[in-house]
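Shared chain: subunit A. Partners: subunit B in the first complex, subunit C in the second.
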Partner chain A sequence: MKTYDVMVIGSGFAGMAASLFAAKRGLSVVQAGGTGGIDFSTGFIDLLAVHPVAEQRVWEDPFAALVALRRDLPLHPYAHVADDEIAAALEEFTGFLEENGLCYTGRPGRNTLALTSAGTVKPTYLLPCSAWGGVEALEAKAPTLLVDFHGLKGISARQIAEVRADWPGLRTARVRFPGMGGELYPEHMAWSMADQARRIELAEAVRPLLGDARFVGFPAIFGMTDTMAVVRHMEELLGRRVFEIPTLPPSIAGPRLRAAFDRGLPALGVRTYTQKLVSAAEVSGEMFHFTAGSGSTAVRIAARGAVLASGRFFGKGLKADRHAVREAVFDLPVRQPEKREDWHRAEFFDPRGHEINQSGLETDAALRPLGADGRPFHPRLHAAGAILAHQDWMRMKCGAGLAIATACKAVRELSQNL
Partner chain B sequence: MTTLHTRVLIIGAGATGAGLLRDLALRGVPALLIEQRDVNSGASGGNHGLLHSGARYVASDREAAEECREEGDILRRLAPQCIEDTGGLFVAVRGDDERYVADFPGLCAASSVPCRGLDLGTARVMEPALSPDLVAAFAVQDGAVDPFMLSLDNIAQALSLGNSMRRNLAARSMEVENGRIVRVLCRDITTGEDVRIEADLVLNAAGAWAARVASLAGARIGMLFSMGSLLITQDRIATRVINRLRRPSDADILVPGGTVSILGTTSIRVASPDGCRPSVTEADRIIDDARAMLPILDRTRYIRAYAGVRPLVSLGPAGDDRAVSRGFALVDHAADGLENFITITGGKLTTYRLMAEKAADLACAKLGVAAPCLTRTEPLPASTLGQWTEPGKGPRAWVDSRTEDDLVLCECEMVSRGVIDSIIDEAGAMRGRSMLKAIGMRSRVGKGPCQGGFCGQRVTGHLYDRGMVAGMQGLAELKTFTERRWRGFSPILWGVPLMQADLQEALYCGSMDLEFGPPPSTRDDDGACAPVAKEPA
Partner chain C sequence: MDFFSAGLGLACLSFVLGFAWRVHGRPGSRLPAASEQDRRKSGLAAGLVDIILLRRTLRTGKLRWAGHTLLILGFLPLLFLHAMDGIVTRPLFSGYEPTLEPWQSARNALGLAALAGLGLLVWHRGRRLRAFSRVQDWALLGLLAAVLLTGFVLEAAKMASPADFERMVADFFPEADGDEFIALQAHWARENGVRFERFLPTAPEILEQGRELHEDRCAGCHAPTATAFASRTLADALPAGAVLPRTMAPIFWHLHVGLAFLVLALLPWGKFLHPLASPANLLVRGGRWDSGFPAAPPARNLALEACTRCGQCSLHCSVAPSRRVLGNVDILPMDKLADLRSWLDRSLDGARLADLVEGSHVCTECLRCTQVCPAGIDLQDLWISSKAALSEAGRAGVDGEIRKRTAGEWAHELASRRLGKVGASGSGLADHAESFWGCVQCTTCTGVCPVVAVSTDPQRDLDLTPQQIMNYLRMGLKAQTLGARMVWSCTTCYKCQEHCPQGVPVADILYELRQLGARTLRHRGKP
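For the complex of A and B:
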């Protein structure tokens, strides 16, 4: 059996980032585990926008927010990663995505307000380039036409226009998507947009509605693999700036990310078993042995080090019964509220966030999860992403950024120990 | 200010108020039903949906047992669309009181409640989920009733006969002159509009809020409030109603409701009917207790919890000896110097019709109307108003009559856009201004495993598309709807439901930042019990 340098457990943002960083540093990498929340991602890469959450203070400068965060919450995982390492990790990560057909953009050192499918705007750090026109249109409150489609649920242009009362130049129209009827799915639509003829038909349906619009926004359906080529073609056809708005899941933001990794990671030599959950782990001496998947298709994997990036409850990295939260692979100690009554607050939207969101793995400064004795469980086991304790990525707006930054840190520390 | 005139004003659209609106309509008496929130917002929505055979009360309250048996038979015959005639079992497990078990068949016979002893092997074949520690089992005639369909069907027939209803209209004060209530001043809590109602007679059917309504006229009713919490399982655990054969206690009953089962209940004395919600502690207590009867309850998946407040009337000096049973209270406020004011409260869902009959009899006597009660013999017609609360109806309708452009907005429960549209159109004025909640109450939206995480947003989008909500209103309603679901969702968050909640928060807060922006719309939400619903899947 081949022995890998690193086993990456998890295929969400943190797992993908850990595999990428490890492979780029010349380590032999194997990756297994569920895709977790990535299928439900908007594609936005948040770094940090809200702190303290109870005050709902929104920061324009995420690095200034990081300074305040590390001062106020010294146990937050960001406290273990330096700013320049975070910035470099994000650059390496988006550079990799760009090489694999997914263009990202943003303003260095500044959060950007991005339009969501609910009509709200959220601060984020990096966005798919295909969404950038929406940022400019929103900032300028420019005359804009928002198009949605008969049969596509999960996005209502009219809702966005109603909620954005501060944008009187926003008009809406609902059109039929060429060549399809009944209920539509973003992934089917995206594949069909690979066909230039389909784009021409769509542009013809929209052109009579343009009026004075300088921008035209669409639900995110512009291709799976080369979105910006589709966007540019649509701009050419319509003679207007064109942008996408990420839709509710099932959207194509997640599949686009997965497709980029499915192409890019094997090219870097990473062995991936993305649909196999890690069902067992043993530590014997210097080695880890894992079982991924179950039944006759289960695989055995040997590695000298591991990055645990298995996510929270939705990603199945953490499991809860009526009495306690457990870590799913190694049964590591999980920091958590004492009683289930204290897991959640009375109001779902309580600005302070739910106590259980602060639960997770405690680590040393090298992001090694602590065992029952309070010392690192294993010298070459590191953790990254949402499974880490003392953070609430949903309220702090730091999900992907935290995943990428901690993955980078975990890999760097691990590589020094191999 | 608008002034409305009616012969009889009924306050409170629970099962009794809905039954009264229909009873009076069948007697040809014009009536207006007003409700501060929505149909079945109190105990009529927050119960098991159990059609009592009466066996539960044979030891403690023989009169109630007999009433339940008789009313159960009437409902099975006249409102079959609202009933699933499942039959029920009473079972005891090792450690339960043997004397209670031994006395049970005799007590049933004394109340003419049919009851048949079963050998344990037969009982286990009938209900394989029963505990191996079973020591006794009896078959009785319990059933399941959909309280929402029941109330909506009552209202629908009353409306068709010319009576009317206003939702979101709260009685705020009453003007009394010469021993009569001459005017009831109300406010539409969604629009703030004041409405004056002049009626010959006022019927207080406000359930747990009856004492508060009575006090508007200066009358006093001694009431106690008992909050009960229940749990809904993801799957149907048993074919029949299963009762623990012991003195009424916590967690002693499991009622099937479509594709789910409902487990309960607890009983906690609370100071007020407002603000009740199920808790983690209660959810755990129910499971820890009930698993002796049905061990599978320890490992099954739960969809949500809910709570209701039982109105208990303590008939002190202010009470009335015409209270027909310890099960419910009929109060003629003539004793308080109010000739045209009647309160009917307490009781059980199973006896709602009888309560309406007795109250309507007294009202008619006061009004000099001779028409007899017809609800004992007239079938309750199934209505289009009540149909969408039925599990399985949405999917069937979608399959049978879907057009290419109809979309399924709620995938857990297969509720299509066409169904939502028909609810909006059918509900008419009853819909009020709080759209999403009204739709939730009248359909399966939000009641499946996702608890509204996906369908809430999709229905909201559709309401914007149709122009039914504007500006921030839709988002505010979505937040209100989410908070309402959360009350029942948060007590059962472990295992898969916790994953679901994790995903919902990732979407609502992580992706859409909905924790910012407008606060939940609370104008039609006084903080009282969630319109909890029987919530059969």
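For the complex of A and C:
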């Protein structure tokens, strides 16, 4: 059995980033995890936008927010990663995506307000180039046509226009998506947009509705692997700036990310086991032995070090029963509310969030999860991403950034120990 | 009319009539024409190479190839040079006598080669194909072996037989006096293994006289019988002092010739035709391994006849496990072909027809049988066209029955029944809440589904999408899902299951529902 330098447990943002960084640093990498989780991404890469959560304070400068965060919440995982390391990690990560056909953009050192499918705006740091036109249109309140489709659930141009009463130049239209009827699903539409004839048909359906619009926004369905080529073609056909708005999860943004990693990681030499959750781990001083998957397709993996990037509840890194939360692979101690009744506050939308959403693994400064004795569980086991305690990435708007930054830190620390 | 003429006449009549019946009104024209026919010319040379080198047979195993090669290399020369010597060998080779060299030793060598080939084929069939074999498979091997063995026994009996010796002397040396006759007897008994009743002298001068008489009178037509090495060994194996009854050689002659006539008479029937039909089909196929050429009725007729029942297709069939579960032999290509032929001849109905329909629809058209067939039969074309012909005849199978009504109508009928569970454990995934606990109705399964992707309107074409079926099931509405065309259109590509973020076994559940539906309709369709 081959012994790898690093086993990456998990295939969300943190797992993908850890595999990428480790492979780029010359380590031999094996990765296993479920494929479904990242499908729910909006495609936005948040760094940090809201702090403190209870005050709902939105920051335009994420690095200024980081300074405040580290001061107020010294246990937050960001406290273990320096600003320059975060910036470098994000650059390396988006560079990789760019090489694999996914263009990202943003303003250095500044958060951007991006349009969502509900008509609200969300502060984020980096966003797909295909959505950037929406940012410009929104900021300029430019004359814009928002198009949605009969049969596509989860995005309503009219609702967006109603919510954005501050944008009088926004008009809406609903058209029939060419070649499909009944209920539509974004992935099928995106694949069908690979056909240039389909784009021409769509453009012809939209052209009579353009009027004075300078921008045209669509639900995110512009291709799986060549989004910017589709966007440019649509711009050419319509003679207007064109942008995408991510639909409700699972939107096409997630599968695009997954596809980019499916293409790019094996090319860097990473051995990927997709849709195989790690079901068992044996740990000795020298070595980790993992079982990934179950039944006849289970595989045994040996590695000298590991990055635990298995996520929280949806990623199945943490398992909750009616009484307690447990860590799924090593049964590491999980920092969690003492009593079950403390998990949630009475109000679902309580601005302070819920205690359970801060639960996860405690680590040392090198992001090594602590064992029951309060010391690192293993000298070469590190953790990254949502499984880390003391953060509420959803409310803080720091999910992808935290995943990428802590993955980078974990890999750097681990590589020094191998 | 003597035995030979009468037997040959009858055998030829049977062959001609049988062949005419088999070719007459052949039903290839009852199969719908392929929509896109490949008009590429077949490669005659490639077809010939397939026939001569048995290239496709080699691909299915060295043992089968060796068996066939030995059998053909042994049997064909025996057929032309020995059985038909009067019209082939004698005109071609002046001075031909079957008892001269090299014919005598060649006959033995060829016979042994053919027997060895048969032995390999019997061994192979017994080891690998026993489960698929029927009476005619063994009968063909047995009859050929009987023809060859009686040939050896006949030759041995003639060698040992004093009656034949006396007949020959009476015919070709009638003036022999008593001493000369004894001297010749002594020589033949010593050198050529004839067994006489009486004790013969061994004095050297008498043997020398016998040798001279032999040289003078017999050697022109008789090589030493030792050159017929196999038969002579057989003759010598008789116990010392044993003398064959005078009727023995004629009995073996009648047996040997009679069996040969029987083979000729049976040639048009069943798999006995394959030595003719398979090479003809290989020639038509012209070395092609894929499907689609030429799908015209005559080619299909030939394809229907060319099966050797070698069983290779059944060994390689992708859905063979279904046969083990359902017990329907028509799931395997070889047996399905036979029943398809019967159906096209309008002589198949009842349970056998139901089996054929089911077998046709279990087939996934994976092309493996077509690629492995040593006779080069375009089975793929037959399956695709016969499935269409069966549907045309109102025999669309469970799959077709389901599509005659909507999911709602099926639910109405099925709701009143106790819907069984699938699986040896008696518990199905669809019946367990645990299967759906994780489902968050996120639509990922539907979003990646290629069947949903190619439908222009999922609700109209498929009734329910995968995530909707999961939702119905977790609400306990199993009857409502069984007739959903999504269940019946699922290609079990497993994308849904592979992408489910919550580990719901979506494809397994769809497959289970289809099995359950198929079983329900199977029992409904049968008395």
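FYI, the second predicted complex is superposed on the first by the 415 of 418 C-alpha atoms of A that agree within 3 Å, B and C clash if a C-alpha of one lies under 4 Å from a C-alpha of the other, contacts with A are read in each partner's own complex, and residues count from 1 in each chain.
The working rule: contacts are C-beta pairs under 8 Å (C-beta built on N, C-alpha and C of every residue); 3 or more make two chains touch, one makes a residue touch a chain.
Please read all numbers here as calculations on a predicted model, not as lab measurements.
Trainee: Between subunit B and subunit C, positioned on subunit A by superposition, is the outcome a clash or a fit?
Mentor: Aligned through their shared chain, the two binders fit side by side on subunit A.
Trainee: Could you look at A:63 and tell me whether it touches subunit B, subunit C, both or neither (first, second, both, neither)?
Mentor: Touch partners of A:63: none, neither subunit B nor subunit C.
Trainee: Report for A:312: first if it touches subunit B alone, second if subunit C alone, otherwise both or neither.
Mentor: first
Trainee: Between subunit B and subunit C, whom does A:156 touch in the aligned arrangement: first, second, both, or neither?
Mentor: Only subunit B is touched by A:156; subunit C is not.
Trainee: Quick check for you: in the superposed arrangement, does A:37 touch first (subunit B), second (subunit C), both or neither?
Mentor: both
Trainee: After lining up the shared chain so the two structures overlap, which partner does A:351 touch, if you call subunit B first and subunit C second: first, second, both or neither?
Mentor: Only subunit B is touched by A:351; subunit C is not.
Trainee: After superposition on the shared chain, which partner residues are touched by A:394: those of subunit B (first), subunit C (second), both, or neither?
Mentor: first
Trainee: Taking CA centres after the superposition, what's the angle at subunit A between the directions to subunit B and subunit C, given in steps of 10 degrees?
Mentor: In the superposed model, the angle at subunit A is 90 degrees.
Trainee: Applying the touch criterion given at the start, work out whether A:188 contacts subunit B, subunit C, both or neither, answering first, second, both or neither.
Mentor: second
Trainee: Between subunit B and subunit C, pick out the one touching the greater number of residues of subunit A.
Mentor: Touched residues of subunit A are more numerous for B.
Trainee: Nearest approach of subunit B to subunit C by C-alpha atoms in the superposition, in Å, rounded to an integer.
Mentor: 5
Trainee: Going by the contact definition given at the top, which residues of subunit A touch subunit B in one complex and subunit C in the other?
Mentor: Residues 37, 40, 181-183, 249, 314, which sit in both footprints.
Trainee: Mind listing the subunit C positions that touch subunit A in their complex?
Mentor: Of all residues in subunit C, those touching subunit A are 442-444, 446-448, 452-453, 455-460, 465, 498-503.
Trainee: If you look only at subunit A, which of its residues touch subunit B in the complex?
Mentor: Subunit A reaches subunit B through residues 37, 40-42, 44, 56, 116-122, 150-151, 153-156, 158-159, 162-163, 165, 174, 181-183, 246, 248-249, 312-314, 316, 319-322, 339-341, 343-344, 346-351, 354, 357, 393-395, 397, 399.
Trainee: If we count contacts the way the header does, which residues on subunit B are in touch with subunit A in the complex?
Mentor: By the definition above, subunit B touches subunit A via 277, 279-281, 284, 287, 404-405, 407-409, 454, 457-458, 460-462, 464-465, 467, 469-472, 474-475, 479, 482-483, 486, 490, 493-495, 498-499, 501-503, 505-517, 520.
Trainee: Can you list the subunit A residues touching subunit C in their complex?
Mentor: 34-37, 39-40, 179-183, 185-188, 191, 249-250, 255, 274-275, 277, 314
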